[in-house]
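Look for chain A in each of the two complexes below; its partner is chain B in the first and chain C in the second.
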Partner chain A sequence: MSSGARFFLLQIVALLLAILFGALVGSAILLAIHKNPLEVYGLMVRFNLTRADSIGSILYKSTPLILAGLATALSFRVNLFNIGVEGQYYIGAIAAAYVGFAVTGLPRAIHLPLVLLVGVAGGMLWALLPIVLKLRRGAHEVITTIMMNAIAGALVLYLLEPGLLRDPAQAGTPRVRTPDVAPGAQIPSLLPLIHLLGLRVPESSRLNWLLLVGVALCVLFWWILGRWRFGYEVRAVAQNPDAAEGAGIANQRIMFLMFILSGGVAGLVGLSDVLGYFGYYDIDFPKGYGFLGISIALLAKNNPIGVIVAALFFAFLDRGAQGIQVFAGAPREVITILQGLIILAIVVGYELLTRYIRAQRKREAQVTPPLQPVVAPAGAGEGSD
Partner chain B sequence: MESPEHFIELRGISKRFPGVVANDRISLEVRTGEIHALVGENGAGKSTLMKILYGLYQPDEGQIVVKGKVVPIDTPRQALELGIGMVHQHFMLIPRFTVAENVILGSEPTAGGRLAMEQAVQQIEALTRQYEFVLNPRELVANLSVGEQQRVEIIKVLYRGAELLILDEPTAVLVPQEVEDLFNNLRRLKEQGKTIIFISHNLEEVLEIADRITVLRGGMVVGTVLAAATTKAQLAEMMVGRPVLLQIERPDVPAGDVRLSIRDLVVRGVRGRPVVRNVSLQVRRGEVYGIAGVQGNGQTELVEALVGLRPVAAGEIRVDGEDVTRQTVRAIKLLGVAHIPEDRQRRGLVLPMEVRENLVLGYHLQARFTNGPLLDLPAIDAFAQERIRAYDIRVPTTTTPALALSGGNQQKVIVAREFAFAPRVLVAAQPTRGLDIGATEFVEQQLMAAKAQGMAVLLVSANLEEVLSLSDRVGVMYKGELVAEFGHGEASPQELGLYMTGTKQQRAGAAAGPP
Partner chain C sequence: MDLLLTLVSAALIASAIRLTVPILLTALGAVFSERGGVVNIGLEGIMIMGTFGGAAVTLFVARGFPEFTAAHPNIAPLVGILAAAFVGTLFALIHAVVSITFRVNQIISGVTINLLAAGLARFLNILFFRVSTQSPGINGFTPISIPLLRDIPGLAPLAKSVSPVIPVALLLVLIGQWVLRRTRFGLRLRAVGEHPLAADTLGVNVYLMRYLGVLISGALAGMAGGYLAIEQGRGYLEGMTQGRGFIALAAMIFGNWWPLGALGASVLFGYFDAFSLRVVNLRIPYQFITVLPHIATILVLAGFVRRAQMPTADGLPYSKEEE
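For the complex of A and B:
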């Protein structure tokens, strides 16, 4: 086996060990509240994998997580910490909702791509100020994106005021939301396809085509980062900006592009809910995907394909938490603790593994046999006196 | 007490690290009162052996005998108690403290709970008198030259009662005059009965100062020889394991047209002050122009301005007549300016990336390596294979990350890359720094090959011998100005040293403070 494949396997093993570690600590907690961990975990797995509605739920939940994880990973790939995925997806979602209800009479073939692009544009717009401030003035993007999150949260509330984007038809009701988007702007359900595959996911599931868009984007970015000239420059900039500069690569341009792309992907995060489920943006619109995206990117080690797996894993745990709450009477917080522990273990584990692999690589390079025969030293006199 | 014949005996010392035997059954005797040099290529095991002696590492096998007694040395403190002191290559001094404050730091004398500063100053004065060190204990370290700072480090060790001093590459940071002063100090220490272990790369210096020389190679002792009864060539051969070309042959190339022309160049430093001042020089086809100077006199900034990494404040740079003064790094590179950067790990390589990826870094957009927006990996791999063969880069596969390579092989990657795209001008900054004899020989040969191919070579090096032996002309930089210029064979290292330290100037009024 090549050493590359061996190191890849080691990473998988490290990941599994981290999950095992989380599960063990979770077991201790379950034991402390007098639950049998094996039963609880067994129930979780059965509940998740043997019920078609659970499969549908996991896939539906994973859609925004894949996009949020990818968005975060893209910025992490150039050592920028886009903590602003949260705010970027609020803006993308409300912008898409607006174009979804305000523009009418367009066929789906035009309207749906248009609202998706508006979502992307909204996310990019919200990422623009932090990255410009970073590159021009050196303002740290963690601070500025957190600020932008707060502004986005307040801005969407303001936009839901009467007379702005609030649905006049809901006047007199406690419902604070935009009007429904036009049918042409709604993302079609994925169920027909799923049913073709033989999975009996019930009709109540809101699983939609954005899942496949997310997966496709992950594959696309994996390909670009691994094989394209652009991806090569991204890796050079991330791993040694000084050498990249010396090679004539425009560091700032690469960082700008990756951050804006991160914001653009973030703009799609909320669209599964707006355009595939509710059909409007409301005051209780789901929050927190941006922060879950950080965990997912960490777990995936910023690998776009890994993001898909990590997002599915998070959705799996989330669905499992519902299952154990209802059927095992175990608090779902156990699962939240489990998530945290796994992230912690994986960060430590990856670091140790990185050091180990580095040492191994050095060793391999050192035992490379020289290509020229080494001549024995001539006339090396011993301590002669 | 009668001092024993051997201050230290190492008996069969072995030290293994995962996958590497750093020291393999090393036996070594250091006589009381001698200067014993330890030489060897990078990775020969010198540092490991000295770290064992200084208590930083524990040997896996073997014994250390100090003054006739087998002793364990588990910590540097124990080493000091046995009279073993280490003078590190990188100084560990606090610039805002005086010499005396730095010397006593960590073992401060007290009187009734209060710092006995005056007593310390007197002790240090006594030491400097005894060993004839020129050093004022009340001077701030910030005001000292590099050579003086080194003296502080030596006094620090003597103050703690060391009888055996280990000096790790002490001359690497010094100009020739300072080396002479150091050697005088060392001889004086020896006269007073101190024992010295001297680690160095520089064979000439070793032959000058040492009584006996032990050569290490591949973690083993090749032999111990009397300095008086050996030659540089013999030592080099013992170190490398094959005959070495000590004097690189300079090809006889008639200098052609001017390829690189710099006129009245001004480059500003971090705080906006000019660090390169009105430098003008021309390098012709087939010519090597060497730049000598103490680090920090504007050479780095000059090189960075040449390759487009630093903005030019005034003046003009031309390559084959074309103005590149305000061009981008990429444009200058495409015009045929190759660059061997001073800090190869920082500027020249992306260490975590594959060797083949590093071999095209900066040239990766060339049509032969791309396929639309994609990189053409098979083409890059074929190119890398060819370069690895041509330059004998020791690497298991083309996909090994560059960080796994030795310093010499990393430099070979850079040289192999920069020479691959028909350069017209080669800017080589400190191209042999930190390399061992074998790799140095290789790089110097490549510089001469560049000359033979008609490149204009600008060679910036802190190694005066190298600059003098390879260059057709040598310029000396001092405080950002070119203060002297010599033809090949017109100046000795000592003379260059005088210009490098500002003691002498060719042009009246040059380098006299800010303009």
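For the complex of A and C:
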């Protein structure tokens, strides 16, 4: 077996061990509250896999997670920490909602792409300041993006004040939200296609086409990062910025582009809810996808295809949490804790594995002195360390 | 004129001081962690655990020993706030093990701690109190009244019914400044954050120092959470930290990684916080006030106010074997 395949296998093993660790601690918690872990986990799997409404729910829940995971992973690929996906998607979502309701009379073929692009632009705009300050003034992006998250939260609240973007038709009700977006700006349901595939997902499901946009973006970035010259440059910058600069790759340009792309993808995160479900931006708009996106990128080791799998896994756990709450009487927070533990275990596992691989490579290099300078095979490092 | 009066009213300043304390304690903790070279963005999560732990333990003591509590009302909150510090230390230990021993990226470890804390606090609250988002109400410390100050007309709101945690927090800042500047431990901690290899060569135990820095940050952030729940909220409420753990990091940066600097920044941020609660009738959107600390922090980080001088090895894992 080639060493590349062996390392990939080891990664999968590390992943399974992390999930096992999470499940074991989860079992201890369940035992402590007098629930049988096997029954609870069994119920979760049955609830998730045997019900058509669960399948629809998992796919719907995975949509923002895929986009948030991809957005985070793109920044991680160049060793930048975009903790700001959270704020970027608030801005993308409210901007898209605005263009969705303020512009009327456009056919869907124009209006829908327009609002999606506005979402992307909103996310990019919110990512612009942190990356410019990082590259020009050395301001650490972790802190600036955390601050930008708070500013985005306040800005959105301000925009929802009366007289600004708040729906005047809701005056006198406790609803704090924008007007409804035009029909042309709504993302169509995916159910006709799903039914064509023979899955009997009920009509109540809000599954929409943004899921396929997310998957397509993951595949696109997987292709770009794996096969394009740009992807090679990204890996070079991540692995050894000085060597890359020496080889004529403009580090700053690559970092800027990846961060802005990260913000752009982040701008789409909230649109499944705003344009595919509610049809308006509401003060109780779902929050926290940005932070889940970090977990998903970590789980996927920043691999865009891995992001899809990790997002489905998290959506599976989330749906399962609803199931065990209703049918096993176990608090759904058990699953939230389990998610946190799995992430904690997997980051330690990957770190140990990376160190082991590095030591192996060093040993191999010492055993057989190469005739030529060693060049790491493209793609071997996954660009994440 | 209205605005000016509001800006300097004793009630506003008293409220600002109350709101300063949680930011201040956590920022002081962050200084210790980062001076040792470990970025701890898990402080928000640690604070959350402190709010729950502080409220829960105060409640248990008060319920478990009702007669004793009636005779000595300060004991239950005291045990509660110490328990909050202890819970914070335990949680910080996770960050220390993952980021110092296993050398996982400190940002990643911190983010994970925040995710874990949110779920855990909710779960424990359901376990103990059967609802997910809030604990039953509790009694805090008996307020103190500061002699001399309370006799000056106009300053009475500042000097009467003050939480005893406030002077303790101020004292901790002074002690923290002295420890970092003058003591052997402080010098070693800073050495480890500036140049771990050199410190190691001179026989300083880098891992031990970094562990201590992180654990101190956990104890202080936990205590800050305990203060919020016991003294401010009179009970645990989900989300009551409102991102103050992050604001505290901002205060630490604004204060240039020194306890006294963090004090200045925390007072400023606490003042913004108090002011934002009072601008409703002044035609200034309160959201503009609440974001002032965040904007200020970005400006400082970008060097527009003055150069931020972080410890040189801040954020970098240290390994004895490699390199």
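Throughout what follows, the second predicted complex is superposed on the first by the 360 of 385 C-alpha atoms of A that agree within 3 Å, B and C clash if a C-alpha of one lies under 4 Å from a C-alpha of the other, contacts with A are read in each partner's own complex, and residues count from 1 in each chain.
The rule we apply is simple: contacts are C-beta pairs under 8 Å (C-beta built on N, C-alpha and C of every residue); 3 or more make two chains touch, one makes a residue touch a chain.
All figures in this text were calculated on a predicted structure; none of them were measured in a lab.
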_Is A:157 touching anything from chain B or chain C once the two structures are fitted on A? First, second, both or neither._
second
*Could you tell me if A:247 is touching chain B, chain C, both of them or neither one (first, second, both, neither)?*
first
*Thinking of the overlay built on chain A, is A:361 touched by chain B (first), by chain C (second), by both, or by neither?*
first
*With the two complexes superposed on chain A, say which partner A:227 touches: chain B (first), chain C (second), both, or neither.*
first
*Report for A:83: first if it touches chain B alone, second if chain C alone, otherwise both or neither.*
second
_Just checking: does A:140 make contact with chain B only, chain C only, both, or neither of them? Give me first, second, both or neither._
second
*asked:* If we overlay the two complexes on their shared chain A, which of chain B and chain C does A:334 touch? Say first, second, both or neither.
replied: second
*Hey, which residues of chain A end up touching chain C in the complex?*
29, 33, 81, 83, 129, 133, 137-140, 142-144, 146-148, 150-151, 154-155, 157-158, 161, 291, 294-295, 298, 331, 333-334, 336-337, 339-341, 343-344, 347-348, 351-352
*In the complex, go through chain B and note every residue touching chain A.*
18-20, 29, 212, 215, 217, 222-226, 229-230, 234, 237-238, 241-243, 307-309, 328-331, 333, 339, 341, 346-353, 357, 361-362, 364-365, 370, 373-375, 377, 392, 394-396, 399-401, 403-406, 409
*Spell out the residues on chain C that touch chain A in their complex, using ranges where they run on.*
39, 41, 94, 98, 102-105, 107-109, 111-112, 114-116, 118-120, 122-123, 126-127, 132, 243, 246, 249-250, 253, 285, 287-288, 290-291, 294-295, 297-298, 301-304
*Provide the residue numbers of chain A that touch chain B in the complex, in ascending order.*
4, 227-230, 232-233, 235-236, 239-240, 242-249, 358-359, 361-368, 370-372, 374-385
